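Chain naming follows the written order as A, B and C, and within any one chain the residues start at number 1.
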Amino acid sequence: MSSADWIAISPLIAVAAAAVVVMMLAAFWRRHAIVAAASMIGLAVALFCVLPARSAAPRMVTGLLAIDEFGLFYVGLLLKGSLAVAAVSYGYLRARGRDAEEYYALLLTATLGCVTLAVSAHFVSFFLGLEILSVSLYALIAYTRERARSIEAGIKYLVLAAGSAAFLLFGMALLYAEYGAMGFAPLAKALKASGGANVYMLAGMALILVGAGFKLAAAPFHLWTPDVYEGAPAPATAFVAGVSKVAMAALLLRFLTQLGATDSRPILIALSALAVASMFAGNLLALLQRNVKRILAYSSIAHIGYLLVAFIAAGPMGAEAATFYLAAYMITTLIAFGVVAALSPRDRDADAMEDYQGLFWRRPWMGGAFVAALLSLAGIPLTAGFIGKYFVVASGIGSALWALVLILALNSAIGLFYYLRSVVAVYARPGEEAKAADRAPGFSLAGGVALAVLGFSLILLGVYPAPLLRLIQTAIASL
Amino acid sequence: MQTVWPLFVYLAAAAAVPAGMIMVSFVLGARHSDRATGEPYESGIVSTGSARLRFPIHFYLVAMFFVIFDLEAVFLFAWAVAVRELGWAGFAEALVFIGVLVAALAYLWRLGALDWGPKPFARLSHSRHKDS
Amino acid sequence: MSLLWLIPALPLAGYLALAFGGSRLSRAAAAWIGVGSVGLSALVALGVAAQFIGTPPAGPAFHQTLWTWMSVEDFKPAIGFYLDAMTVVFVLVVTGVGFLIHLYSVEYMAGDEGFRRFFAYMNLFVASMLVLVMADNLLLLYLGWEGVGLCSYLLIGFWYKDRVNGRAAQKAFIVTRVGDTAMALGLFLLVWQFRTLDVQQLMTQAREQWRVGAGMATAAAALLLGGALGKSAQLPLQTWLPDAMAGPTPVSALIHAATMVTAGVYLIARTHVLFELAPAAQLAVAIIGAATLLISGFSALAQRDIKRVLAYSTISQIGYMFLALGVGAWSAAVFHFMTHAFFKALLFLGAGAVILSLHHEQDIHKMGGLWKRLPLTFWTFLAGSAALAGLPLITAGFYSKDLILWSAWSSNAGGPALWAAGLIGAFLTALYTTRLVCLVFFGEEKGRVASKPGWRVSAPLAILAALSIVGGFVETPRALGGIRWFGEFLRSALPAAPGVEEAPERMESAMMLIASAAALLGIVLAGVLYLGMPRVVEGIAKRAWGAAAQAFWLGGWGFDWLYDRLFVKPFVWAATVNRDDFIDSAYNGVAAFFSLLHRGIIRTQTGRVRWYAAGVALGAVALMAIVLWVR
């Protein structure tokens, strides 16, 4: 490995080193604030390392990792998301008041898994990244181990994620058996040489889609989502929903694009089936739900459906739309769960609709942020979510996917119902009980700053998306 | 289909072996029902108590540590085979690897995960509310 | 010029600060933010205008594009501003007069509990109007247009606890909405035809592609005219403006002088190319203007409420502007807009001072003799009235109105009929204005003056009074010096009216004398009737025909009655009959259908891991099947 290689993967190394440092701090200098600060500094350093890494790009490191504009864009995005999660977690864990330190080490290893996924161009690094992420998530989800629901969520996620990983591995094995390659680029070459799709290729791709679809919570692999989102502590849910999905989607985008899978009709039809099923399942399941974390879980299922429409829309336009959509989705999700985390008291998460009754009148900024997030999820103009959805629809129309776009529009209309119902709750006059409970125990300065920055970005991207779009265009061009 | 037929033979053989064993023991085996027939055989000693024992959590912990650290050693063997070819870079990488292992061991030790006594995890419970 | 964006951004920032600061701001801070933001904006506008005059741009205008909102093929709406000579005039008037009104409001609204809310809305109002006049594309223009409509709703219904005010706000919103819909259709038509949102490009392309009198041009112009009629309260959409007096008096001043009602005038002047291509639509503008100015002139004569008199006079004066637009005298319309902004803001603010000092008494028959008690208010009000009445030679209103009358006579698109209507209107204006002054300030004292205005009320009055007098000397008839500054300044943006310059000077002088005579006649007649012979007036009012005419005019020619019968009653009837809304049942059916689906699909969420795992497995099988099936 040359020194340029080291520079190229420096963000990954920084995250890994930060994880070790945080673990040592947890052992020898057990102070929550210091551990939290150290992990945030570690993430910031990693984020900073993206700049020199960009100058070293594009570059394949050891055949496993593709450090290019695309990968680094997602690395940056994921690191920012992780930073926000860490900031939001601080107040939440402080309110919980015990054993907070290991959480950050797990968060950092999970982030390491995510960034590995974003730059991986090989089945080995794909699986490695996925497992680093998954194993960290098992523990993160069950972190509030004094709560039965948290343990239950962790076990469920463990069993199902392990099972779906088996499907994924089998799919990889089929492709390897047929083409004798595990890197994306050699695989694409072998695929082209063999002259198109055969049974092994299609079966392998389908199985990989199962594994990826599980991580993304695309229907029909979505059943775990509400239980896990509800049981996990709110900041961990934010990570699962906001960050880990983005990493998986980035990998899938690279994988499908490099293999030219979007030219293959069976794969497109499989993706369409996933998209349609996800949109309907997510929105219909959310319709009469009263638990805010479950609503957000269902809504995230639906959003993966919208996202897949952009995947199906061929060409750079679709990839750009998907990337913008993911950025908007990550910001929005992090705000929503960040507010949930900030409002959560010591012994439970603030996930009942009643917790949000009249939030705007009690805490106008937090209520405003929550409403902004909901409106962005619903795709109302002047939010990032609107622009994201707009690009997805535009890319769908550009590829003449009329049926999908129509279903997307229909589902957006269904979705409005439960988003707006939540908005109404936030604006309702607070009852006496709610007034008495007028506290945000999980609020911290760091979390507040993170929410403010996220909220600002949400509006900024809705009004002035051009700079991000330019960045995304260069990223996609490198793919 | 030409290439797949050994698979089917294998599948048939795999089913046939256990089925044959059960069949044979069914045909040849003696059948009687006495007082002790249904009880577990433990070297002729009559068993006591339930089979569902509660092991101390440390049993699992130490078992896990053993597996983890033992497996890590396997990687070092692989490195040792090719140590000359890998040169100093390989040496540095192995050093980082061992360093991470040592860090994990130090963490476990500081936390009291290796203490086998009545009050494990002293550090963990100590740290409560320290920052708040 | 790079500071152009600050002009609308400052009031907008003021609005945001006030809206989000809320009750945390002290009253003094709210006042500083509210007045300061508009004041700074006015200063920036002055600087920009000085630069515009000092170092004129290469083309007709300065152009500043901040950013492109989104870019999808032909659809590239930019956040961009366009500043030509006409925009300079509008921006100066909106920010300048707006600032004076804000300053005045600090004292006028001092005791109101909604003080911060008031300034937040006012700032947003000014910001929206600035966006409207500075927009370089139709989308941004429409944003400003709708923002103005929204703010007028919020401010007319400012004292929302009284139902009447709420209804007035709704009326304003709904009536203007009729026009807005037409305008939106017009904008869609333009975008559909020319595939661009940029106003200047649209105008250039329209001139190239449409011949004079083309059906498409007429349709576009007519639809835009519909929007202008609604916002500017012209026939047949004028009914909302008298009721809009429900808002606080500074709001009325802002609506009438600087924002809102002049938006229609701006729109037509900005798209004058379309109207030149559609002579029929342009003729309609002139006829509507003439009819409106006559009808509302008569109505003003019969009103008892001081603010309603002024409201009808506004409708009438905007009618003059439409008349000017209709005969192609674009710059004359803008000229009258400017002078009207000065004296109408002055009159409203003066009326507000009177109302405030008389404990919110608005009936002019219960006023009188105030000239001794409120000398400053009296003298400034007198100056504004003189300008409104068009007192010859010394008032701004005289010069702008005379220019319109002269254009109506001499322009190729004009004629004796339009001119005569304008002349009668001038007579009526003088008549009702003098009546107002006589009843309020002269005669016997009826009310008791409770308080005298402070400097924040007096200063705007004095400044506006001065402007109402001298503001007209930038454009005078040939017989009186022939100054042409204003028209020439606007020439880069608005063409001259065809035929006006060529008409003989002697004719112009004669017309000027006739117009002066009409105004003077009105003033003298009203003075004699209301000061000298009040019995005669009472006698006329007691006669059957006199009372009928008064009732008819008081009710605004029965338009409210007519609309109530034609639209409101049938609509309410239909709504009552259809209380359970049969169309709703379709929507309810959709909702019920989806909640049924929800109940079905929610059964899949059992909470059991083995079922979830089975779901993954079944999904995998299905996916494999799909992939292998369609291969």
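By our rule, a residue touches a chain if its C-beta (ideal position, glycine included) is under 8 Å from a C-beta of that chain, and two chains touch if they have at least 3 such contacts.
As the structure is a prediction and not an experimental result, all values here were calculated from the model.
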Higher-contact pair (C-beta pairs counted), A-C versus A-B: A-C
Chain ID, smallest distance between chain and overall C-alpha centroids: A
Between chain B and chain C, centroid-to-centroid distance (C-alpha), Å: 82
Computed distance of Cα centres, chain C from chain A, in Å: 50
Distance between chain centroids, defined by C-alpha means - chain A, chain B (Å): 34
In the complex, chain C residues that touch chain A: 22, 67-72, 591, 594-595, 597-598, 601-602, 604-605, 607, 609, 611-613, 615-616, 618-620, 622-624, 626-628, 630-631
Touch list for chain A against partner chain C, complex: 155-156, 159-160, 163-164, 167, 197, 199, 202-203, 205-207, 209-210, 213-214, 219-221, 223-224, 226-227, 265-267, 269-270, 273-274, 281, 284-285, 287-288, 364, 387, 390, 394, 414, 417, 463-466
Residues of chain A defined as touching chain B within the complex: 1, 20, 23-24, 26-28, 30-33, 94, 97-101
Chain A-facing residues of chain B, complex: 89, 100, 103-104, 106-107, 110-111, 123-124, 126-132
